[in-house]
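Below are two complexes that have subunit A in common, paired first with subunit B and then with subunit C.
Right after this comes the complex of A and B.
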């Protein structure tokens, strides 16, 4: 008898579950055939990081005084890329957002692979007011498609206490070359036993930063011709990378959480990366006052500067119903609102590339965590020096080839041989 | 007279209608599923085949003839993926099948205590999510992972091994992971068919003086042959389609050392500037390989009819 009671109870539970979930489905299916905008009269925006770009969107929504409602949807970045690719290539606009955030390294790939899928914003924002390197990557054929969001301006985050132990001051690590950086790293390791930095063999962000500091990239200016075997900057960057490995000053990590864990737990003496790492560095509150930010080291060659970029993303408007409204939203928020940029710096820690905003108060705030330095205004100062490069549409395809090449190089293959192999491989693959 | 003839004709006509209906009524019952299978299986397969002759970025696909197929042979990433997948296949499938066989024979012993517990324990990995267990493996074998801690503490190594950054170790971890996940699954097939084997066969063998090894090789293996064939085909297919583990544990790295064919398809479609045409070509390679390997396995192990 007891058995039957259980079976009945279980089936009721099952039915309730099914009923609930099918209820949701019917709601969704009523949207069929129409874009979200027609259905709800609200513009949707996709982004991926609740602590960063989603938070920025929330602030923008608050600051926006227009008539349109904005629905913010959080998707993982990989999911956004997949949904855009499958949606745009099938030609359906169903379920597509009005506004989407795209990483700058991928921007050209989307703009060129799906012509007409994005709404030009040339008349909506004043491109002169944004950093040059940023508008270069977000436009195509003279038309501006993206509204720049965050700057990926790079800096060298250093632990002043470790440097002191090794006999160095903050000035000693400012505006240096990578070769000098390695020498300091050796001394720091000897004095403190700490590694100088972390390296992830699958993510060559360091190489990308080094290249861009000399105005160079994996591809030539046309954005499609692989530029590897004759790329002196890349060659130099490879040598520096191997130098770090040979000097044994790098802790090897294999993902983001290990990367963040390394500096939060005080295992490394410096973090050369984009400014978006600031909130993660500050997570370790007990390290307050022990950090400083200095310009990123440069390659030891003619023309290289102590400024570079890593990552960063921009907003795009899809060519679907509601595009004018979406463009209006962006124009009045990220496109022109100086106040919003102050909020973003204060509340989110996002440094924009909108030059009029740099005059604001928030940019001049002194950060106790970094020994009372005005790090935001420092970052926006360096932003102006970043050499603009055309990332083209093959950054990640080529990087996968380069990652393999780097392994060969570290295992003893001749550098010129490695780069020539990579060059011919890239040429074969990118047709 | 005339009237009669017409009647007769009418009757034969009616009879043939009936015969026709009786003969073809079966189609009526399956027509829905046939259409559904055609629409959702065969139509996409044909479309994908056509797609494999096109190339281009994103939406701008053009017919390029056999260019994609030629490109395969000169594409080092594809060749690396093919070699890696073959290594997984050649090492992992036999190891797993043998392990599963051994476990099932051990667990089939009626004198074994806590049989139910061991069976559940070995089968349990199968119900875990692919992504969840992959992530756990990744952390187990991390530089600061529990495996390194253990090895350091027992003094087996003097310095942490960076498993996932070493080309050979990374492959071994992937193989370990898949074996852990799927051995129990295959074991269940063997167990269930072992339970249908009559105990008197073993009894007779024992009386004839066969030892445990002889019993295993002369009785168990031949009796399980169809199941071994089945599991090796499904495992081969599963390994050729390997994706979740590689994606989550190593992302194909270091370099291309653990890249699987399926992950390369993913990279071509979503990681790089999308070239769905070439991605479709690569996915057809998997189809061809599966068909080819299954035929071989049937020929080697199947009944010769």
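Right after this comes the complex of A and C.
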């Protein structure tokens, strides 16, 4: 009898030993499955530019006094778009961030394609306090989804010394039409040998700016019907573009560094683009005082204004666990914090579209580089004049078609023919 | 105190000698066996594991190599496409006359490059095309936002121009403030006929991307790294190694590759590793697998667990051995103890039959032996008793004729002298004495009867020899009904009468009978001549009356009642003799 007791005791001891060792292994393997996003009390935000929007997020995180930790993740913009598309189309929320930055041109495509994937912020921010054109692109069906981040308000950066050499003053280039701009460009080239601007045949940012100054876009107001052949503003913009080419006042570039290099090295007399270029312009410190910022030229048409937009992006909250915290974070930072906007202007060079912030000191700072002008305050002023358009879902898809059309047009094809071709191509492709 | 404790300890050791010996030997062998098995099994499994590990890792290296090859193939394809593309060549060599022409050419080149770029896009690689006339096409800005001037001065551009025929791979630590290290492939675009370099093609590969090729195969202690022909670590699963100068690794890799070794044990990067390597000819780099044997084995074999298990087994085994050997030796030592104690119990106490089978058998055998021995002893005792009885009976029946003659002579004298009364008393005493003496010898009589006999005997003797020897009786009244064997006192009285008063002519004899504790003590004391005890110890002297000697009395008592009882005689010359007879208290 006693012997059996011993055998039982021994086998129990053995089992305990085995159980202990196998227990360790299962512990190890279970650790591998966890991801960094599943922490409670932490919200995740995705953005792409460490010098710009990531830096802005860091400042917002500092300014935020809530209980939640904000994890900032840097991803390339293309990766963010790809991840959002794959994640949202498969309906999974695993690995998705709470807050994501989306470029305004692409915003509508996401909002319309995944109607339930985003958390409405209508009650979280006061849309009246933001620029109209911004709220137009960040809302859908009357619901506000995005918190506007940076303004893409456009301006014309000009070299006063070159203008002077050609006999022009800053006033002469303020509030002008594109036709006047081309004429001035010709004179400048004659007087100084410098080109008036750079153009990239593969990027039609200029066309987009021109269209928006007249409240028009590649698509109709519904955001999906291509609006090309009947689009007078687009037609006009094409003519202006060809006019600049024919006048030979444009330096052709194929690359961002060449674009920046051209004005930094003094090869061009002006830069018509979004205000985000300011830090790049100021890189050439020796040109301080030789620059001025004036309103962007307008199309020579009825209703066109000397204000437009290029680029810009906004924050969105995904409809996943933690959305209330994420909304709270945005509401208390980019949605209402005037101080934060001052910091962003000073530290990051990001101009927001939050109108109460324009009263702040940072907006009124006089910039010696630009001849002591209050350029931030100027940009904010122009922001209010930007016509709001519905960028729709297909900006880049249509632009690919337009780029080809532009080449045909430059090579002598009839403009109406080019636009009709583009129209039918777009309709066929986007159907 | 210390001595005492030491003694106690020695005693304990001595008592458990057998157990200790057995136990110590068992424990030492168990521990030795488990140590040996533990270490040899760890060693064997390590060897076996490292062997299979090196085989699988060589295969893994092959797989990683094929991934590198596929990237290389995509790049070579893209390179050929760019090289052979007329549009790109025209765009880079001819300068357009006007803005429209330039825009046209840039647009076309971009179109072509976008198409070609799809070859390498899956690898997150990108192209830059550099033209001599300030042309620059950068397919992915976030990889390297380089300007034309910067690129024109860059050492990799010079290197490409100097070796226009080959596709070279360069390691560039960090291109921008917060970017990852890159591997950049360069190839000069040359005019076939004139060898004129009209542009340079760059392939930008993120180190991260190369890492992705092998990262899934690595683990802690199992590192993969890529090392170029200069000995710089281009990419590594250990982040901090990237960019490090590691010529020792390169040297070892070259040896492995040259001698076609499966693997080699090396000391590189301040540590001991098992090194496996593959040469990537298209990159002119070595793909190296460094395995930190200790770290890998630690993770996979876990000697702690094995040692823990064998320790557990040893402890359990020792406990079992302890209990079992304790049980075995305990029964044996108990047996030994009981057997050594058996003499104290007159060999009549059986030992307890407990413990295991063996101990039981020994105890059983011992007990049956003891039992038989006792039977023999009993037989011997009985025989002796019977012999004694026979002897006694024989003696009893030979009443000394001298005694009878003398007594009868005395009576005759009394009658002649007319002492009728005295003669009658003497005759009466003699007949009563004879009656008692001739009865069954093994019968006992009461003290009272014995005193009666003694008085008769004394009367006869006094009638014969006169009363110069006085006899006094001191009998405790509570002893009268106790019983004692026949003819126990008489030989000593007789002895005193006929031998104690040879020199002194008169004296007295005292007979004392009393109860002392649980004994009946009879003392015969005379104040006669006494004897020198040396050499006269209870001689077997035949007595006058029955021939029963003093010695016979002693032996008879011991035979009847055992050793504690018997006769003790003390005497000194000139002081008389004292005889002490001790008997058990017996009542009928």
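Keep in mind that, in the parts below, the second predicted complex is superposed on the first by the 392 of 431 C-alpha atoms of A that agree within 3 Å, B and C clash if a C-alpha of one lies under 4 Å from a C-alpha of the other, contacts with A are read in each partner's own complex, and residues count from 1 in each chain.
The rule is simple: contacts are C-beta pairs under 8 Å (C-beta built on N, C-alpha and C of every residue); 3 or more make two chains touch, one makes a residue touch a chain.
Predicted model only: the values in this text are computed from it and were never measured.
Colleague: After lining up the shared chain so the two structures overlap, which partner does A:76 touch, if you call subunit B first and subunit C second: first, second, both or neither?
Modeller: In the superposed model, A:76 contacts subunit C only, not subunit B.
Colleague: Please indicate which partner A:258 is in contact with in the superposed arrangement: first for subunit B, second for subunit C, both, or neither.
Modeller: Both: A:258 reaches subunit B and subunit C.
Colleague: So, does A:403 touch the first partner subunit B, the second partner subunit C, both, or neither?
Modeller: both
Colleague: In the superposed arrangement, does A:346 touch subunit B (first), subunit C (second), both or neither?
Modeller: neither
Colleague: Answer with first, second, both or neither: which of subunit B and subunit C does A:394 touch in the superposed model?
Modeller: A:394 sits against subunit B, while subunit C stays out of touch.
Colleague: Give one of first, second, both or neither to describe whether A:175 is in contact with subunit B, with subunit C, with both, or with none.
Modeller: After superposing on A, A:175 lies clear of both subunit B and subunit C.
Colleague: Determine, under the contact definition given at the top, whether A:88 touches first (subunit B), second (subunit C), both, or neither.
Modeller: first
Colleague: Tell me which partner A:201 touches in the superposition: subunit B (first), subunit C (second), both or neither.
Modeller: The answer is both, since A:201 touches subunit B and subunit C.
Colleague: Between subunit B and subunit C, whom does A:250 touch in the aligned arrangement: first, second, both, or neither?
Modeller: second
Colleague: Going by the contact definition given at the top, which residues of subunit A touch subunit B in one complex and subunit C in the other?
Modeller: 201-202, 252-255, 258, 403, 407
Colleague: Over in the complex, which subunit B residues touch subunit A? Could you list them?
Modeller: For subunit B paired with subunit A, touching residues are 55, 57-60, 71, 74-77, 80, 138, 142-144, 162, 164-165, 167, 250-257, 267, 269-274, 276.
Colleague: Quick one: which bits of subunit C touch subunit A in the complex? Just the residue numbers, please.
Modeller: 98-100, 102-104, 106-107, 109-110, 134-138, 141-142, 145-150, 178, 302, 305, 308-309, 312, 316, 320, 323
Colleague: Any idea which subunit A residues touch subunit C in the complex?
Modeller: Listed in rising order, the residues of subunit A that touch subunit C are 6, 9-10, 13-14, 17, 20-21, 24, 50, 76, 199-202, 244-246, 248-250, 252-258, 260-261, 403, 407, 410-411.
Colleague: In their complex, what parts of subunit A are in touch with subunit B?
Modeller: The contact residues of subunit A facing subunit B are 78, 81-82, 85, 88-89, 91, 109-110, 112-115, 117, 201-202, 252-255, 258, 393-394, 396-397, 400-401, 403-404, 406-408, 425, 428-429, 431.
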